[in-house]
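The structure is given below, and queries will be raised subsequently.
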């Protein structure tokens, strides 16, 4: 194996890992600030300038807090739960194409840890493991609120994954590939999928909200009903992992939306640039889009009320899945017409 | 919405319950009747369904402790309200403290449930026929009825007050 | 149910229109409202740095006033203690000795005057009860403490110091019981 | 019932099924559950998410108000009433003062009555704002908590100008107010009248016609008018069930007969109706305040009651008679007639009644508060039976159960 | 603030806090997650403190932890009756170390106006209280003052407070077993 490739990939892994964590940490800060602004407040401003050290303070505090395991809980599962959540949230970042290839020391480096040719399937595979973290954690806590949260989370994820998957088939039909790299490449310039598939985007967006357990689908942990939901019994860094995983997966979902529908690192007028300039601008474009989605996620959370559990199921099974299927059929027919199959 | 005068109400009641109304009074314009405790249930039931009076709303149930009135120490006070005729009516039933027992009116008004439990909690009035007559506000382990006049209000365990200053020798 | 009055107004019988059934319009209009608030000026008062103006009649920490010559007004009549619903005021009366005329205005004074600030509910009844203009509530807030014992405010904390008088004229001039 | 059908349409499982096939779990809501907004306990028996039965435990902040009132002179009871329904303390204060005034047969000047109306309606707005914002929070719209609270702060400022406190106001005295409305109050009230309606409508528009919110609240915890009456409901919760009973109209006090306002009523008595009724009541309260304020008569801010209303301080120092009254009032030595009075006001949650028995002594012989919360909260298990846990939470917050009033 | 020095002695580590301790204290002080045990009137003022005008989130405190496991600061706001006392104690025991208690308002601190048979005359009879806030209810300013005082304590609190003898002694006085597994 090529040592240079190993080093390259290893440093990329570290960088992506750190960036994901950093963005997740600062998402918490940004969420608090945004919530405050929406609510006519100013938000955290004591820890460091403008409260910028707030996430670090939170992290340190959680690290130093007493870590205990309830007596009647299943000890190992209790520990594994948050681990799975965090692991699955982070592992998705491996196949995200962060930008166009960059050239360092004469090497062409692709800004993607691994380019699977089944990237989309990989994401679905990993995300569906993610629910186990919540489920195991909630079940192991031996607390009824946790159990309710876990059950809600798992049934919600299963239902919404279906609609999400079906809606994505249209994108795969359009591109003709399961690889994220190909999907991004096919959206060169302003040739973004959103212009062809707005309905599909809407479905995907709603499902992402549900998949990441964000409002208005935050039933698994809704404070007013289930106290803390699946993490009621968790304290210290285990709780931190759960909370972190939520933000990481929000980041990844936003990145996915940028890739699938908004052209990833493509931006209008990209043909005028090449080489490393293009790479840097591409990365910037990608992150701008991602942050925009993170902002929308938060904006929604602080605006609208949440669903009731049965209404959530109702929306998932009776509205989103049929809509996704119809959308898929129409797209398939249109594509077939264009290719002259009929 | 024409109000009935207290006199008319009393006359109407006297037609049916003349023997059970012991005294009647009108403090501050509110007709107050002292009734035979054993007939209280029947009267309230009748008042609710009577087509003329339509006294169909139970405002509250309270009890009062008169330690000096021998054999009628505890008064249970029912306040009824007729929205149709816009008059209020107060029924009092005096009970001996040795056996303060009166029929529960939960069957007539579901809302009486907690009011009766509260009255039991405070005064120990035994509402016979109540589905779940137990303490409601105080701890179950409490062994007295705190609103009776002979019991102290103050918490005996506080340390930051000097009883001498507040007339509690 | 038939109505008892002619003022009835049914408020919740509007059926959902088709547009409302689509979820999105209401969500968007809600999001527009919140967006408007993001851009608005913030209403927060950063407390320890900025201090909100209290009403002059605010019922905060008590003060035992001195008169113009610096003598304590309180004559230990005990009315404030009687008027206190929380029974937070205790006092011991003492007779003014010769040579103390510059300290106490009346022949009787309170040698001990204690308010238990943890019991106090700041209802202002003591201020009303005082016939000697001795006790007033002020618009200062009572500081928080670490120990319970620190909340027994004796004369050292209650009586205003001669050099640092507490101005309560604003409070008296707000029309309280026709003080003007 | 329409509400039930609506509910069924939103439900995947069939609610009419009486037999329970699953296992029944017990969950404890409270005493410190975030949905209780106070301290009381609901033990729910649930089959999945469906509630099979519920039982409440109350009394966690029982403070023995009624016993306390038997040990305090009349003027010291006002601060105690503050703590009944602490979201709208001025209504409790003024209701109590009016009870005593009724007992002693005092004649209250028109200006005082109008001032009281203004203060009480402000308090009603403050009370309903809390309840409605909390419904929003429990439905998940966290921001809807903050906008009304900013408006509440303005009401607090208004209280503060008159009485010097924000929440537990101890406002007013037997016979009137402790001071007249001052200049700052007038300015602030005028600006409040101008700025509040748009801010309120903005808050309203975030929830009122939002389908998510409507779906959540419609059909949640309904109660029919007959059942509500049987449970002695009063106030917004009863009006939501469609009964237009309001103490302010049925038995007007403090000149409420002078004002033109509507009684908002709902249809199904569910959470949405309760929310809507409260929202409309806020608008009606604004109307009343506007009418009362623009017609505020001239005159004294207190009744001529030398035996009960403390004389001006200046007179206390100079006039023997005033000094004697001052001491008599504070020591509670004034003549109080023996008798029994029931007086009811329309509190934030319904008919707030004071049943006062006086034996002529310094303290009331017996004072019973008719606390609307305590009475209607007992219907809660019936209302949430067959609903989901989420509905139970919303029903609870829309019933506006205030722990202070519940447990007294 | 003469009391802080004394409290530092109670913490057992002496006057010399290490740099690490200081950093941790600083971090903790900026991230105190409150558990609002709001029972009555003070709860409404506490809500006002959370509201836009006062905004407790400036201190990094907007995340309410209604589950005791995750909370650092128990804010007891409102009357605690004798019936509720055991519940409060249980909540306190369930909280993870390090934990602090802020007693807001007259009722929680001393019983206040309610010197009655059913009200606990001060929560310091069942759990240790770090800071008392007077007032009935306190203004939001006072609650924030209390929180700032809590912060002062938190900054001085050493990492190992749980194992110090003084702390064990204090807990023993309150009959709280710190080695208990604390199951619900």
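The first chain written gets the first letter, and so on, giving A, B, C, D and E; residue counts start at 1 in each chain.
In this text, a residue touches a chain if its C-beta (ideal position, glycine included) is under 8 Å from a C-beta of that chain, and two chains touch if they have at least 3 such contacts.
Since this is a predicted model, take the numbers as computed values, not measurements.
Asks: Considering only chains that satisfy the touch condition with subunit A, which of them also satisfy it with subunit C?
Replies: Touching subunit A and subunit C alike, sorted by label: D, E.
Asks: Which two chains meet at the most C-beta pairs?
Replies: C-D
Asks: Per-chain C-alpha centres versus the global one: which chain is nearest?
Replies: Chain nearest the centroid of all protein C-alpha atoms: D.
Asks: Between subunit C and subunit D, what distance separates the C-alpha centroids? Give it in angstrom.
Replies: 23
Asks: Per the centroid of Cα atoms for each chain, what is the distance between subunit B and subunit E, given in Å?
Replies: Roughly 43 Å separates the two chain centres.
Asks: Can you compute the centre-to-centre distance for subunit A and subunit B, using the mean CA position of each chain? Integer Å is fine.
Replies: 63
Asks: Touching two or more other chains, which residues of subunit E qualify?
Replies: 52-53, 55, 58, 64, 66, 83, 110-111, 113, 115-119, 122, 136, 139
Asks: Where in subunit A do residues touch at least two different other chains?
Replies: Residue numbers touching two or more other chains: 35-36, 38-42, 45, 223, 227, 302-304.
Asks: Scan subunit B for residues touching two or more other chains and write them down.
Replies: 83, 137-139, 146, 153, 160-161
Asks: Can you give me every chain pair that touches, using the contact definition above?
Replies: The set of touching chain pairs is A-C, A-D, A-E, B-C, B-D, B-E, C-D, C-E, D-E.
Asks: Using the touch definition up top, name the residues of subunit E that touch subunit C in the complex.
Replies: Touching subunit C from subunit E are residues 3-4, 7, 52-55, 58, 106, 109-113, 115, 122, 124, 129-136, 138-142, 144-146, 148-149, 153.
Asks: Residue numbers of subunit A touching subunit C in their complex, please.
Replies: Interface residues on the subunit A side: 34, 36-42, 45, 299-300, 302-304.
Asks: Can you list the subunit E residues touching subunit D in their complex?
Replies: 37-41, 43-45, 47-48, 51-53, 64, 66, 78-81, 83-84, 87, 91, 113-114, 116-119, 136-137, 139
Asks: Which residues of subunit C touch subunit E in the complex?
Replies: 42-48, 51-52, 85-87, 116-123, 141-148, 150-151
Asks: Flag every residue of subunit E that touches subunit B in the complex, lowest number first.
Replies: 82-83, 110-111, 115-119, 121-122
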